[in-house]
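Two complexes are shown next, each including chain A; its partner changes from chain B in the first to chain C in the second.
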Partner chain A sequence: MIRSDVLKSLIPVISDQLVVCNIGLPSQELFMFDDQPSNFYMLGTMGLSSSIGLGLALVQPKKVIAIDGDGSVLTNLASLSTIANNDCGNYILLIIDNGSYGSTGDQPTYAGRKTSLAAVAKACGCENVVECDAVETAATVKAALDADQMTVIIAKCQSGNIDVPVIEMNPVMIRERFMAEVRR
Partner chain B sequence: MVKAIDTRIVDDLVRNEISFATTVPCKQLAGVIEAVDNNNRIMHVPSNKEDEGMGLCAGAYMGGKRPCIIMQNTAIGVVINTLATLIQYYQIPLPMLISYRGEIGEKVACQVEMAVHTKALLNQLAIPTYHFHNAEDVDELDGILKYTQMCKKPTAILTDASFWSSAQ
Partner chain C sequence: MPDEVFGVSSALEWWKLIFGAFKAARVSQVAYVPDAGHTCLIEACILDAEFHAIALTTEEEGVAVLAGAWLGGQRGVLLTQSSGIGNCINMFSLAQTCRFPLALFVTMRGQWHEFNPWQVPMGKSTDIHLTAAGFQTMTANSPDDVGPMATATLDQAFSGGGMAALLLHQRLMPVKTFGT
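After this line comes the complex of A and B, so read on.
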């Protein structure tokens, strides 16, 4: 499975949840498969999906799934320590780890070599860290949603991309319809 | 140690319904960070780096809170992309209370190297910028915070060594 397969498999589980989605192809794929007002698409700012999701989870009670990538997490690695030290049961960080910078041409990341993001998350103090195979991702996210505890999931998949259109929606519209879902 | 000026600043934040703050420390900001941390009407989530902090602020805003970030001016060098592609692009109001290191009274020469770029960078980003130099300049804060919410932009409040040394 490649990332787009993982995202497609997640739709039944995350479609009615608040989702903060990583910049680039992940947001474009989610937009194409299942555009929802409860999806916040990052159009820029690599690395901040986990932070945006945490800020949102900390201030309101609904569950929040932040979808990130291995390359993006590596650019904001200290976020894992902020997550660990500001525990909130409504926050799930899903790192889809394909070992590459998928949106820029599949250059390898260090997560695909020696670096274990699961070990980093645990060392940062995250208490519920689950590493799973791509095929198990939807069930793992479902279990985390049911568990009411902060969970970091690292879903290992193959690198590779499909053709997807860019998101042409206005950023303020993305934000405002997302905020309406948060309030609903 | 929290001084009267720190309490005054935090009171203005609370009066303007700022209920989420992230901070990256600076010696000049130690008192105001302590005052934020002590205030139970503001959720304080320290961040490791200022771009991470702006991500937290964007999330908190979408969750219904009014955020602010407290940081040093050297951080401008860290957050330009985040300001342009997240805070400005999605029109998120974000007051930035910034210690303006490297101005008159500075003891650390290296701080001057970013001080000389600070206003130019903020100007290039078209960020409304205010410079607190004298103690009474804090009277502007309430209006700046209201203006920030009205225009849904990041705003910069530069607080220099003269301001902090003259304020009680």
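After this line comes the complex of A and C, so read on.
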């Protein structure tokens, strides 16, 4: 499975959840498969979708799923320390780890070589870290949603991309409709 | 105001005016990095139950955390030193593009009796960078400036839906050294 397969498999599980999605192709794929007002798409500024999700989870009780990538997490590894030390049970960080920078042409990341993001997350203090195969991702996220415990999931998949359209929605519109869903 | 005034304790309590402005503006999230100039304000926010103070590993992380807080319906501020602005430039695009309110309180370095020349480049360019990134900026040069400018900065961010930064001139801070 490649990242788009993982995202597609997640739709039945995350469609009605608050989702903050990483920049680039992951957001475009999620938009194409299942655009929802409860999805906040990052259209720029690589890294830190996990931190946006943390900020949201800290201030309101609904479950929040932050979808990040291995390349993006590597740009802000220290944010895993902030996540670990500001523990909130309604927060799930899903790192789809395809070992490559998919949006820029599948150049390899260090996570695809020697660096273990699961080990890094544990070392940063994250207490519930699950590494799973791509095919297990939806079930793992479902289990995390059913638990009231902050969970970091690293879903290992193959690199590769599909053709997807750009998201033409205005970023302010993305934000406003998302905020309406949070309030709902 | 003569420079000697900045050596007395009452003049160093300008941070209380910012603290009061946060409360008046219903700020609840305070994201910060360790900073000598903001020490008293950070400690007060940590101790006050009205605030959730969140320590950051780097300043741009705060831009993202506060965007998330706004998505969830809460107001937040970022406390940073001028050098930290350089770390945030790309992430400021998030606030500008999605029109997230963003209020910064920036203790300045490199302006006044600065012992460390490495602080000077960012001190000289902080205002320029912030303005180019879409912020309205104000500089508090004396303790008398701090209260009204803090209120105005928060108003610009949360009532005006914009990006606003209050730069706190290095004259407001005790002269810093590395212990020499």
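Rule of thumb we're sticking to: the second predicted complex is superposed on the first by the 184 of 184 C-alpha atoms of A that agree within 3 Å, B and C clash if a C-alpha of one lies under 4 Å from a C-alpha of the other, contacts with A are read in each partner's own complex, and residues count from 1 in each chain.
The definition used in the following text is that a contact is a pair of C-beta atoms (placed from the backbone, for glycine too) under 8 Å apart; a residue touches a chain by one contact, two chains touch by 3 or more.
Everything numeric here is computed off the predicted structure, so don't read it as measured data.
Annotation: superposed three-chain arrangement on chain A; chain B versus chain C shows a clash. In the superposition on chain A, contact is made by A:Arg175 with both chain B and chain C. When the shared chain is aligned, chain B and chain C each come close enough to touch A:Gly53.
Looking at the shared chain after the overlay, A:Asn98 reaches neither chain B nor chain C.
Using the contact criterion defined above for the overlaid structures, shared-chain residue A:Ser159 touches neither chain B nor chain C, since it reaches no partner.
Of the two partner chains placed by the overlay, chain B and chain C both lie in contact with A:Thr82.
In the superposition on chain A, A:Thr137 contacts neither chain B nor chain C.
In the superposition on chain A, the residues of chain A contacting both chain B and chain C are 20, 40, 42-45, 48-49, 51-60, 76, 78-79, 81-82, 86, 171-172, 174-175, 178-179, 182-183. Taken together, the chain C residues at the contact with chain A in this complex read 28-29, 52, 54-58, 60-61, 63-74, 76, 90-91, 93-94, 97-100.
For chain A in complex with chain C, the residues that touch the partner chain are 20, 40, 42-45, 48-49, 51-60, 76, 78-79, 81-82, 85-86, 171-172, 174-175, 178-179, 182-183. For chain B in complex with chain A, the touching residues are 19-20, 43, 45-49, 51-65, 67, 81-82, 84-86, 89-92. Considering their complex, residues 20, 40, 42-45, 47-60, 76, 78-79, 81-82, 86, 171-172, 174-175, 178-179, 182-183 of chain A touch chain B.
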